[in-house]
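Below, chain A partners chain B and then partners chain C, in two separate complexes.
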Partner chain A sequence: MRVLRLVIFLTLVLSVMEILLFGITRDITGQQRLNVPADQNIVTVKGLKQWLVEQYPAIGKLSSLAVAVNNTYAEDEDNLTPESEIALIPPVSGG
Partner chain B sequence: MLVKLTDCIDINEVYEYLYSDEAGAVNTFLGTVRNHSKGKTVIKLEFEAYEPMALKELNLIAERAKQQWPIYKVAIIHVVGSKQPGEAVVITGVSSAHREASFEACRFLIDELKKTVPIWKKEYYEDSSVWVNAHP
Partner chain C sequence: MSNRYIRQEQLAGFGKAAQHKLREAKVLVVGAGGLGVPVLQYLTGMGIGTIGIMDGDQISLTNLHRQVLYAENEVGQLKAIVAVNKLCKLNSEVKFNTHTNFLDVSNALEIIVGYDLVIDASDNFGTRYLINDTCVILNKPFVYGAVQQFEGHVGVFNYQGSSTYRCLYPNPPIATEIPDCNTAGVLGITPSIVGSYQALQAVKVICGLEGILAGQVQIFDFLSNQQYILKVKTKPENLAIKSLQRQYDTPVCEPAGGELTVTELLKWQEEGKPFLLLDVREQKEFAKERLAFAQSYPLSALGQQLDNLQAHLPMVAICEIGGRSSTAVKMIRKVYPSAIIYHVIGGMEAWLDEIGDQYIIEPHLNSPER
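Showing the complex of A and B:
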């Protein structure tokens, strides 16, 4: 029974993809992180960007939009998994 | 390499790190908060970083500089948090045997930092605020 509960718990936790947000994307969404429901069936960076722009059209108006997977810039065709650390990178402005 | 994010830049710390008996040049660039932007008075800047990735990108840039120029030491430090006009927000620095490499490498560090490192600044004016570079 305990094992079954653990499996159910892990399935729920792992099936939700969490996206870290920074800068203007925190203002647009009003959140510091977004959960992408598993039923959205998002598997690539490109798919994630499309979903985000549908949910928050203001994201589509930014000068650029990048996605980082495990602290590295990802390409549109790269795959996403719920275990990865995924972050949305709006136009940078350090310096 | 001296690479970090901090809430306050200590120029002496950077010089102490870069200085070396074999170096004939220590070159630094210090970026500061300007009190005006596009005709508006700037009250303060706020910097936010995706810290683990920012550190990774800063280290990559420092490594690239070491590969491209004959330099001894490299430093890049960027602030996070709130800064007022006149305060330091970023420092890049290198030491090398001769000045030419130090000028070029130091400029490379700050130019590349602005392109790729996940750090964001919000400019606060008297009556509004804006995330810099966010919109075309």
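Showing the complex of A and C:
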């Protein structure tokens, strides 16, 4: 029983969604990747954005921010699973 | 007949047919800076028939670490002219069109219409959106490229029904939101790598080679050496643009202001940020309970008081629950179109719920009739 509980606990802890960060989102968070704790129960892109803005209000101020799920531009209503590969890709203007 | 392109023509999968397509092609390069220099050098070397070079900027000493086509003794000269002078020596078979002005709303359509393909080698969002919209209207593909710090983007938009820049980023950022090369810095080599990829994509589009990044952005992380491909879906409304906007300048300050939460309002006050808090509830409500730093501008009399506003300061309108304050914002904006003005979501009710009685003045509690 204890072992089973440990397995469930580890599964929950380890099944975090990982977010790749680019551009200004790296400056805002000070990180290159973010982990979303599994207990946040985030199942849509919209939910992810809300969580991000709670953690980092400056992200909410960006005029445009592309969210990619499995290398494809994602809309707010698109679903996320723990296996989703997520990336935040803000605009870049330099040349 | 010269054999200058023999090394390309002998390449399997390219050959004389592709070389002929390069010679027939007309390409406009917008921007002759960090991205534009490698684009121009390689398109010239490879034998594009007609190249337009568009840049109204002059060479500065701080350009030279990345714009290696130019030299110290050319500082102060126009990039477009210096570039053409040098490039025509590299390949005298190429026809060059020199455009010594910047792309803007007044010239974009008439210039771009003369080309088959546009290279966006610009350095600002306004030009990027202008290139996008003009290319959509004229049904021309364009090769997008951008750099920021150690990151680079390359992609091909509006190619045979593919997505556009607006499908990726619907709203232009405000000027201070995303740092550019002048503020964030750029390593000399990185725009050159991105520009070279742009030139490669341009050749692929012209010759119909495989691996065109149509509706995709290839993102380079030059520090970790990782690459990432983002596929952008076409949003049909973005292909339906029929005319240019009146202007494409990136807004320099928060244009609309917008909404402010009570937490943000508290933060502004605690940070000592200069702003006017306009309480637009009626005088009775104001007298009963108000924020210590608010000034009374009742909505019913606001029309007459608009002339007295210090509209050079950011303004924040507040009411009981957030309805009247949003009306007040619209009234003020009509008179002061460029004013920075917010309204507080949830109004005084939200303040009392979330912040409590901090900064709250309730004069009626001290009045004799209580």
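Annotations for the structure displayed:
We take it that the second predicted complex is superposed on the first by the 78 of 95 C-alpha atoms of A that agree within 3 Å, B and C clash if a C-alpha of one lies under 4 Å from a C-alpha of the other, contacts with A are read in each partner's own complex, and residues count from 1 in each chain.
Note that in this section a residue touches a chain if its C-beta (ideal position, glycine included) is under 8 Å from a C-beta of that chain, and two chains touch if they have at least 3 such contacts.
What you see is a predicted model, and the numbers here were worked out from it, not measured in a lab.
Contact with neither chain B nor chain C is seen for A:Arg33 once the two complexes are overlaid on the shared chain. In the superposed model, A:Gly23 lies in contact with both chain B and chain C. Shared interface residues of chain A (contacting chain B in one complex, chain C in the other): 20, 22-24, 61-63, 68, 71-73, 87, 89-95. By the touch rule above, chain C contacts chain A in their complex via residues 31, 33-36, 121-125, 128, 145-148, 151-153, 163, 167-174, 177-181, 184, 186, 191, 217, 219, 221, 224, 228-233.
Residue ranges of chain A in contact with chain B, taken from their complex: 20, 22-24, 27, 61-63, 68, 71-73, 87, 89-95. Against chain A, in their complex, chain B makes its touches with residues 31, 47-50, 52-54, 56, 78, 89-90, 110, 113-122, 131-136. Within the complex formed with chain C, the residues of chain A that make contact are 20, 22-24, 32, 61-64, 66, 68, 71-73, 87, 89-95.
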